[in-house]
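Take a look at these structures.
Consider the two complexes below, in which chain A is the common component and chain B and chain C are the respective partners.
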Partner chain A sequence: MSKPADVRRPYVRPMAGWWRRDPFFMRYMLREATAVAVAVYAVVLALGIVRLAQGEAAWNGWLDALRSPWSLLLHAVLLVAMVIHAKSWFDIMPKTMPMILIGGRRLAAQTITRTGWAASVVASIVLFALAWWWGA
Partner chain B sequence: MKRSNAPIFWLLFGAGGMLSALFGTVLVFITGIAVPLGWPLPADLLSYPNMLALAQHWFGKGMLFVIVALFAWHAAHRIFHSLHDLGLRTGALAKLACYGGALLISVVSAVGLLSLGF
Partner chain C sequence: MPEPVTTAVKTIRIEVLRYRPEQEDAPVWQGYTVPFTDDMSVLQALQHIKDELDGSLSFRWSCRMAICGSCGMMIDGKPALSCQTFLRDLLPGPVRIEALANFPIERDLIVSVDGFVGKLESIKPYLIPKQPRTLAQGEYLQTPAQLEQIEQYSSCINCMLCYAACPQFGLDPGFTGPGVLALLHRYNADSRDGGRDQRMAVLNAEEGVWSCTAVGYCSEVCPKHVDPANAVNQNKVNSAKDYFLRFVSPRGGRP
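Up next is the complex of A and B:
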């Protein structure tokens, strides 16, 4: 009676690597991993702001670093991660936002998700067009 | 009852998530691929005079800060909660590392942007 935990030794299901057991969990972890890409990009941009504040030579150094093959490879990975992040963000949105009732009926999850994707595409086109116009 | 600070982190997470879902992809493409390659955007789009003008304008300054800071807070919140999924301890130290990192990025960006003047 003194050490029941030691005597019983109950089976504890091991949880290490749990997310590799099921494709659903793997998709979940892939989605969560895109947060690392968002963090890396925030650091890249913050460094850019610091270099900009340090003057023209420092800023040009940052631009040169972005031209290196490693940076291009990194940003290719970040690009894919951002697409996955945007897709999954709107996939989940019907579950994270309050219900919207239209005419007494709940707005379909698919409508919310597709509206989000459309907004993302429009936002991308608008920002790219602005950059295009700015550079012209 | 002690007020929870969770809604603040949740709000920053949500705002950053939405902003990065809408603009993250195109921003990475512009700054990380299109401009460095000089295609399809001109290589001098992010030239020093251009970026200085953007960062000295109140709106450009605000946008740059909001993007960097909210991306950082979004990522920090999410990484912090993923630590548990990976079986890592999510104590005060992990919280400090995640949210402290986001705070550091925010402060460094704010100081850099403000030092450029208006």
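Up next is the complex of A and C:
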């Protein structure tokens, strides 16, 4: 009879495709992917600054490019991604914070999340109103 | 007419991922048909299999009431304690049972816990008093607010469900992981403890809090509502403080 140590042969299961195992992981990957949309939009805005520095013709060219159908489609996709980004980031925000005690009671995670959502909605409305007012 | 009392035995199909290292190179699924009642847990189904159908099936269990942390396994793909998961919630079946994900399988539903235990020991999971204290000085006093800082994290039963829920641990078994980091926080955050300096090296390491990407599934599956994701992520701030404040204060800004 062999010693027990001889039959120990731990089996390690593969991790390939781990994010498809559970809808929770798919939502996580979606949340992380929306960071790419944030980066892409930062590049779009940075290009605008570069074109502005190059003079009026370059700037107007950038504005025209923004109005192209492909650009509008890109912006629609980016907008959806940004909304998901804001929502999912504030979902996870309570996990990143130490306990907040108010009057001896712990501030609920849901309150932190909803405050974050409210702040992003208000900020978006203010920004949109300012852009509208300046554009008019 | 009242519903006749049925005596027919209800059965459910249970599929178990078997691995017997002496006879298989890779795990294989094996099915069993198990009679069940509405109050039967998945653990009881496994016990029925072992007692009545196949004595070679191996799994860990002890308390049957969700406090020992021994019977964690993947049930229909989710990490859960088999003693508090009921067959009536998994109808019509088949129920698929597999060893806890992300751990090496030792045999059938038993995983290797060596790595986990080693990590647990590394964080000194006990109170390290600030100063030696004699019995004559009496007990430590704590305010309700100080207790609140640690109470939820002290509920951990070391069941390792959070590890089975953590893809970062699956990808890098060296990651200290949610459960142990939550316990590290439980002792660091305790007003009676003075051992923080001895634990910060584990926390600050890349395989400490910084390997966490805030997936958050660990907190979702925790049967004791420890919220390990919260313990780990709030300590990223503490780790960053520890790193930067050493430039301005020799004690890393620690009190």
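What we mean here is this: the second predicted complex is superposed on the first by the 125 of 136 C-alpha atoms of A that agree within 3 Å, B and C clash if a C-alpha of one lies under 4 Å from a C-alpha of the other, contacts with A are read in each partner's own complex, and residues count from 1 in each chain.
By our rule, a contact is a pair of C-beta atoms (placed from the backbone, for glycine too) under 8 Å apart; a residue touches a chain by one contact, two chains touch by 3 or more.
Everything numeric here is computed off the predicted structure, so don't read it as measured data.
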item: Partner chain(s) touched by A:Leu52 [first = chain B, second = chain C, both, neither]; value: first
item: More chain A residues in contact [chain B versus chain C]; value: B
item: Which superposed partner A:Val43 touches (first chain B, second chain C, both, neither); value: first
item: First (chain B), second (chain C), both or neither touched by A:Arg67; value: first
item: Touched partner set for A:Trp19, first chain B, second chain C, both or neither; value: both
item: Residues of chain A contacting chain B in one complex and chain C in the other; value: 15, 19, 32, 96
item: Touching residues (chain side chain B, partner chain A) in the complex; value: 14, 16-18, 20-37, 41-42, 44-46, 48, 50-52, 55, 64, 67-68, 71-72, 74-76, 78-79, 82, 85, 87, 101, 105, 108-109, 111-113, 115-116
item: Residue numbers on chain C that touch chain A, as the complex places them; value: 19, 21-22, 26-27, 77-78, 101-102, 104-106, 112, 144-145, 148-149, 167, 170-171, 213-217, 219-220, 227, 229-230, 233-234, 236-237
item: Interface residues, chain A side, partner chain B - complex; value: 15-16, 19, 29, 32-33, 35-36, 38-39, 41-46, 48-50, 52-53, 56, 59-60, 63, 66-67, 71-72, 74-76, 78-79, 82-83, 85-86, 89-90, 96, 116, 119-120, 123-124, 127-128, 131-132, 134-136
item: Chain C contact footprint on chain A (complex, rising order); value: 7-13, 15, 18-19, 21-22, 24-25, 28, 32, 92, 94-99, 101, 104, 106
